[in-house]
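You will see chain A twice below: alongside chain B first, and alongside chain C after that.
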Partner chain A sequence: MNTHIRGHAEDAWSTVDLDHLTIAGAAHLFRRAGFGASLHELNAAIKLPLTDVVDGLLTTNTGTEFEQQSQIMKTVIQAGNLPVHLPAWWLYRFIQSPCQAWEKLVLFWHGHFATSAAKVNSALMMLAQNEIIRRSAYGPFESLVLEISRDPAMLIYLDSATNRRNNPNENYARELLELFCVGLGNYSEIDIRELARAFTGWEIQSGRFAFNQFQHDPTLKQLLGNANIESGEQAVAWIVQQPAAAKFIAQKLYRFYVSDQTPEPEVIQSFAAILRENEFEIRPVLKTIFTSRIFYSNTAYGQKIRSPVELAIGLLRCLDATASPVHLASSLSGLGQSVFYPPSVKGWDGGKRWINSATMIGRINLITEILNHKETRFVVEKNRLDKRFDIDDAESAVRHVETVWLSQPLDDEQRSKLTDIVEKSTPRRESRLLCAFKCAATLAESQLG
Partner chain B sequence: MFRAMMNGSTAFAFAFTALLSLNASAQKDVDDSPARFLPPDVSIVVSVHDLGRRWNEISQTALVERLFELPQIKVALEDKKIRDLLKGQKFIEGLFSRQLPDLLQDYTQNGATLAWKGEKEFVLLFQPSADALGRLKQTLKEFASAAALGNANQGKAELFATTYRDQDAFGLDKARIGFANGWVVASSTSEFGKSVIDRMLGDKAKSIAEESWFQQATGLARSVTSANRPAITALINVQKLRPFMKLKTDRGMDAGKELIFGGILEAIDSAPVAAAIGDIGPEGAFVRIATPRPKASATKMEYFFGLATTESAPQPIDLPSRVLSTRWHRDVGLFWKMAPQIISDENALAGIAKAESDISTLFGGMVTVSDVFEYLGPDLELIAVRPLSQTAVGKLSMQIPAFGVAGNLRNVEKAQPALRLAFQQVVSFANLNAGAGKYPPLEVMTEREAGTTMISGSYFQMGDDTMYDNPAADLYKNFSPTLGFRGDRFVLASHRDLATQILNAPEAKPGNPNSQGHIDNTIIELWPAELALVGKLNREPLIAQRMLATGQERSAATNEVDTALELLKFFETARLRLLAGDDALVLEFDTRLAGAAAQTK
Partner chain C sequence: MSLNRRGFLAGTATAAVVASTASVPQIWASASQRAAFSAADRILVVIQLSGGNDGLNTVIPFGDDAYHRNRFATRIDKKSVVKIDDYIGWHPSLRGFSEMQQSGNLCIVNGVGYPNPNRSHFESMDIWHSALLAPPHRTGWVGRWFDEQAGGKTPNPVPGLHIGDEPLPLAMSGLNIMVPSLKSIESLRLASDDAVGSTIDAIGQAPETKQDLVDFLRQSRNTALAASRRLEAVAGANEIPKGYPRTELARKLAFVAKLIAIDFGPRVYYVTLGSFDTHSQQSEAHAALLSELGGAVAAFHKDLAAQRQADQVLSVCFSEFGRRVKENGSAGTDHGTAAPLFIAGQSLPTSLGRYPSLTELVDGDLVFNVDFRSVYATLLDQWLGIDSQTILGVKHETLRLI
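Up next is the complex of A and B:
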């Protein structure tokens, strides 16, 4: 894997010296920017210049027909007010959306501004929040924070709707500083109280955001060293300007897209500077990540544990397959990741927290379950999956899995053992590819993305 | 070549006999004549008639033709197992130079009987035409000769020829096929086959025909059909089957289900025998399952059926665009009051007590559930019709059928105020919840005109309707809950227009006993073509739900939904009935095809 480049803090974010990606590099890019890609997509990607591939990934043009389909599903869920069907709707988008990086980014912000339908209990509001995030996912960050601060689902989730002039509720203010913008150690209890006052009167009326001037405290607030803050809007703008905000968001983006491991402080410092230079526009920042030296180095390859959603959707994307979103939603919930239902306002911890003795078995079983499920459908050629991907024998099946699914290459001994198991497990050619995926699921490498 | 074909096809020969086991034997009325050949320890006797003729008739209908055009059926036909089965069919057809339906007709025109003792012991008897009998015997001889000439088939069982009491017979492993007096006897074991042939050859041995359970089941079968040769008749010794079928005998009463099905579930649980009759043709199909009406449960059933157990569920109220009608003759008030005496399950009783308390609280404590139920007469109908709401053109929304419960009241002077009060209390409670802003509040209106009283709630309109401008609010446009009275008639409906239609319709006539003297106790009737129209109104939501359930793209989901809706149109009615007679309880399912579906090519 000659694309592996050692990452150094000083030039971590400089553009990688590659005109075209190798197949392994393309698989890595599609796994991280989106959820994964089939061999056909990867082969197409390596023929294009890297910047073109990244630009293509970062588009938001899903096509009218796809959005119409998605809208109809949303309407059905809203009409029946069925929050339990929300995860299935989003999983459908994950599987089918042509803009994989956009969906992945929306998932990132959903985990960041974590809001649970379990408390909000309104499909309409949860979908509206998802739409806000989707609309502002690529930035600027300030707009996103402002819209989220006015979002009815968030107002309910963090009790902002009852934030009154005479009795300010500090819940949202605390989380905005601690979890959404600057992080622990970068604010005081006084800042929380002052910020809560700035948000007083931000209410919900008839299911929509409304500003109630009679419940708003109009006096000036002293927030993070600025004594001139009157409104919630001014407060948000001031918070996002803090140097700590850039560093905080840089850290979170790094963990989500590059590695679960904590990097050298300089790596984050320089990445935060890029965020500020781009005025918190996220698209150019993501482009920097996906064309950077560090992204194609050993610092990033195989350095993330797949979340349950990444595991399931990645498998389907690798195989050009679709599955029952309702069924997937149920399985993923059992593994600790039910989208629209984050476990707390902190979102999902991610990294090593995804894996314990119970979830490890569940994650292996999930792969077999998806591949065996009656609603899982594969695009085939001449009625055969193996023909679509030119799988001739057990070895080519294993190599295919290695290319599209595993983030790190197998050594010769592993490959030989796996081939042997696939060979012995199924004499039927058409079954070998799926068998190889099921066998590979038991390898630790399968858990890494 | 022949040998290779034969080795692979002995299995097919037996698959053929298994196919024949779906058929039956020669009788003039309900099938009992082969019973004299069957030993008394048989537990199930299944007889079929004229399957070949029926197969031919059904396969000519427009419905079957359309079914085979469906992409899903085309895909299913590509399945390896189905392809193997079709290959087997081709092989048998080639072997006998006849199409399978004609072959079935040759061999089962006089009926065929399958008898089962338990475990893996069964015997199949059929009396083919002389030609067919000769062809079968000749074919088996050829197979057996080829097998005898060949080498041992690597330990696999081979067909062999033998005789029993000078009659031709053939064997394969433990299974046997014997011929006697124009009958063919295929059995899973030699002993079972011999015991049947012994009786055919005149041995005096007790047969199942002398068994009381068989006679009782035969009587039941006769009591539920006037047809001479129904497609299928099954006589079942339920008592004997319990250990095999793991039937529970003391599962306790499921109060909800028993209330719907009039206590028949418990009766079926304790039934000693059962008879099932089924028939199918180009016009439709039916299945009837009959059990003796247990004397011990007669008192209990009064609580379900009312004291006058001879009364029948009402005939349907004649409304346009009906989708579903469920009718009962059920004394709900008596059941509710006597629940502690007829229900032994403590959890069910606790559930009833909680429901009593919760609903009475909902009624504001001024009326109890027992009061309301006591006022309801025993003839009830739950009816659903095509959606009555108006949705803006081009606006995506779910359109739910309007539904209502109608019946007669006892003690009208007291009943009407009590029901009105309960209704108003429920509306008030709903409006309290509406205060949370999730749905619009109900505005209540009372209308009195020419002996009719209507209390209806309609969802509050907010001018330009922006207050609840979301699809969930659109859902509420399907509803304007209404309680209506005219004389002793009452209706509680989801929509005011339906309540009006029901009260204006001619009063439902009382039901009559059928030709066998059985009365309808519960009838669930569905009009699939109307259901298809409701589905068409909700096509987009159905497609979306299918996409969420399967992950398919829109085109595939659309195809599935459209296919299902199109198939529904082929059926005129589908009906489930519970009938009660003095001596029998009968569960019947029947469906009739719409004219276009039944048309032949």
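Up next is the complex of A and C:
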């Protein structure tokens, strides 16, 4: 543990030699697999065997009470069909869902098959797409690609609904190859034109997918070296089988879950092999990540810049708090991440691209804003937070922030300066924890997850 | 800047305008004004048209039968085109550009592209930003200049500024220097909280951990806090001033004009407009975007003239590619290749480069006549006064712009 994994690609994905997690390991796992956890959750996790913790994270049983609440919000949005209310609904799920890893994975696929409500302009269709992704998130990649290819929101977003026999529209075909399946350099312009023909006649009728045989070009297409492709279904099956597809998805999963830094090619190669061995089933692959040596090494610890959603939801989760999703949605949009409104079909670039001067200031402000907001609710009354988390003095407040929030410990000088400021700014003992969070938020390290 | 250099620049300006169509008094006015600013004071404003602007419907070859053969639903009919000559004319939304062009304030560079065109938005954008035809695209062409001058004796603390809520463009990214990026002035204001303020004062963070992400974040944080302090001086910068249309691009450019007026410091400003990715139902969306573009750029340069800084600023508008000659079946156009690029400023030629042929196509696409790196070389050598070879790696042919 805590070493860099270099050059041992096989080793990278072998199971970490660890029966139980440390507190730091548990905080890391909960941050990456989900959005973060409070000290109480972390303490519970370190008592269980690692595989049990991971299995527990990867479940999809959200419970009826939560789903009922979510459904009420959803029904209201569907009734008005106003897309602007969508982000708040999903943020509610991020904050409240008992299945954090599932929500996180749906967010991953949303960024992958990026579709923006700004163009689709229908809350109903965007919600239906979210449901498709949710249902197939852990499943085989091929069915996800196929469902997305027939999804009305996507058909509108990438103009596939008007992809007609005599005059094909290449937009969807291009992005399917470039951004959804195999990546740049693994197809030609001819493949794009052929694939666009395979998808001709995939239309929307009365808000649903419909195959229009009169607009479909039935002649054979030559796609990625296979001259026997006729239908869009065959095309998708063939594309997903390409070795480049496994590598492409492996890379994206690695960046989302393990590190912003590009690994050695062998690490991706061997991860791609794991994807293929599992026939592109995502759940076992995630389990491999969350129990791997590389995941619990310095190659992964603190090697990701938090997305705005991770920053805000992470703060709430580690304080066992909730906030107004409507208010959060607008703040997060200013930081560059409005769910249901990705900036382009490439989704969010992530990593260093999250950061610029305005978002840096905005991130510092956001923490203060959330903690001061009157609609933010903590698990206990604000003035009892110190008791809930065993905070005795300014130093223990700062140390608590380090444990649950920061992905690497502070150095002694930073810790003592922070402690000093917390001590001086808050004579009242019960406000020290929140003060420590606000002050720590100004440090660059707060942006790492 | 030495007197010799200044004299030289004034001389070239005169030579250029003699060849242009501007009227005589204006020639002298602008030539003498230009001499007042040395290359070291000159500013470049990059306006990115994201998504792939349909060049054929921007500068429209209405006199070519091939245009009418390939465009039905997306065609701009002959009567509405704002004629430049008997062959080409402006999209009706670009009257602002037409007027600027007639007074020598706008130059069309025709058929700009690069060899082996890439039709991916992201890859082609990276190619334009990095000025490298193949990956890795690590730094931007302007960013490399920032890096270069950061090593000099009196480095400019804020050599560039990006205004918008998208990530900092690659073009502005260097290895050693980070330029600010902001949506509006409000976005750089720190919430007032005493403890937060004291922490910022007490813990200045030096980028020295040798951990890539930590150092990057510390540098970003310091840049942000420094810019936040400097911008406190610019009041009311968020309102759109009189004379500008009420559009987002106009708001951004009005803010740029204000920053230029107070000599805020950046030599390069970067703004974006889009999306121009008009795969379906193109006509209305495209007209609205061009109208936003033309209106904002014209107002911006008028504002600069009123500030007596018209000669100090050049704006350049580019897109990652044009669109295919033949429209698709969705009343839109798919990704293409070469397209016109626009340069706004003082005493410019009306156009440069040949209009691409609509019949001699490769894979249904236009063939470029001017390499975009030649445009960069021209801007670097002739406008910003920087040796383009050090920035671009090789010597590219320059255009007779100035």
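The rule is simple: the second predicted complex is superposed on the first by the 437 of 449 C-alpha atoms of A that agree within 3 Å, B and C clash if a C-alpha of one lies under 4 Å from a C-alpha of the other, contacts with A are read in each partner's own complex, and residues count from 1 in each chain.
Following the convention adopted for this analysis, contacts are C-beta pairs under 8 Å (C-beta built on N, C-alpha and C of every residue); 3 or more make two chains touch, one makes a residue touch a chain.
It should be emphasised that the depicted structure is a prediction, and the values quoted were computed from it without experimental measurement.
By the touch criterion stated above, A:22 is placed in contact with neither chain B nor chain C. Once the two complexes are laid over each other on the shared chain, residue contacts for A:357 go to chain C alone; chain B is not touched. Shared-chain residue A:96: touches chain B; no touch with chain C. Looking at the superposition, the partner that touches the larger set of chain A residues, chain B or chain C, turns out to be C. Of the two partner chains, chain C is the only one touched by A:448; chain B is not.
In the superposed pair of complexes, A:343 makes contact with chain C only, with no contact to chain B.
Using the contact criterion defined above for the overlaid structures, shared-chain residue A:143 touches neither chain B nor chain C, since it reaches no partner. Of the two partner chains placed by superposition, only chain C is touched by A:167; chain B is not.
Listed in rising order, the residues of chain C touching chain A in the complex are 119-123, 162, 165-168, 180-183, 187-191, 193-196, 198-200, 202-203, 205, 212-214, 216-218, 220-221, 223-225, 227-228, 275, 279-280, 327-330, 332, 334-335, 363.
Remark: chain A residues 65, 69, 72-73, 75-76, 78-81, 85, 88-89, 91-92, 95-96, 122-124, 206-207, 322-326, 328, 375-377, 383 touch chain B in the complex.
Across the complex, chain A is touched by residues 78, 396-398, 437-438, 467-468, 470-472, 474-475, 540-541, 543-545, 547-554 of chain B.
Chain A makes touch with chain C in their complex at residues 158-159, 162-164, 166-171, 174, 178, 184, 189, 260-261, 302-305, 334, 336, 343-346, 349, 352-358, 360-362, 364-365, 368-369, 372, 414, 417-418, 420-422, 424-426, 435, 438-439, 441-445, 447-448.
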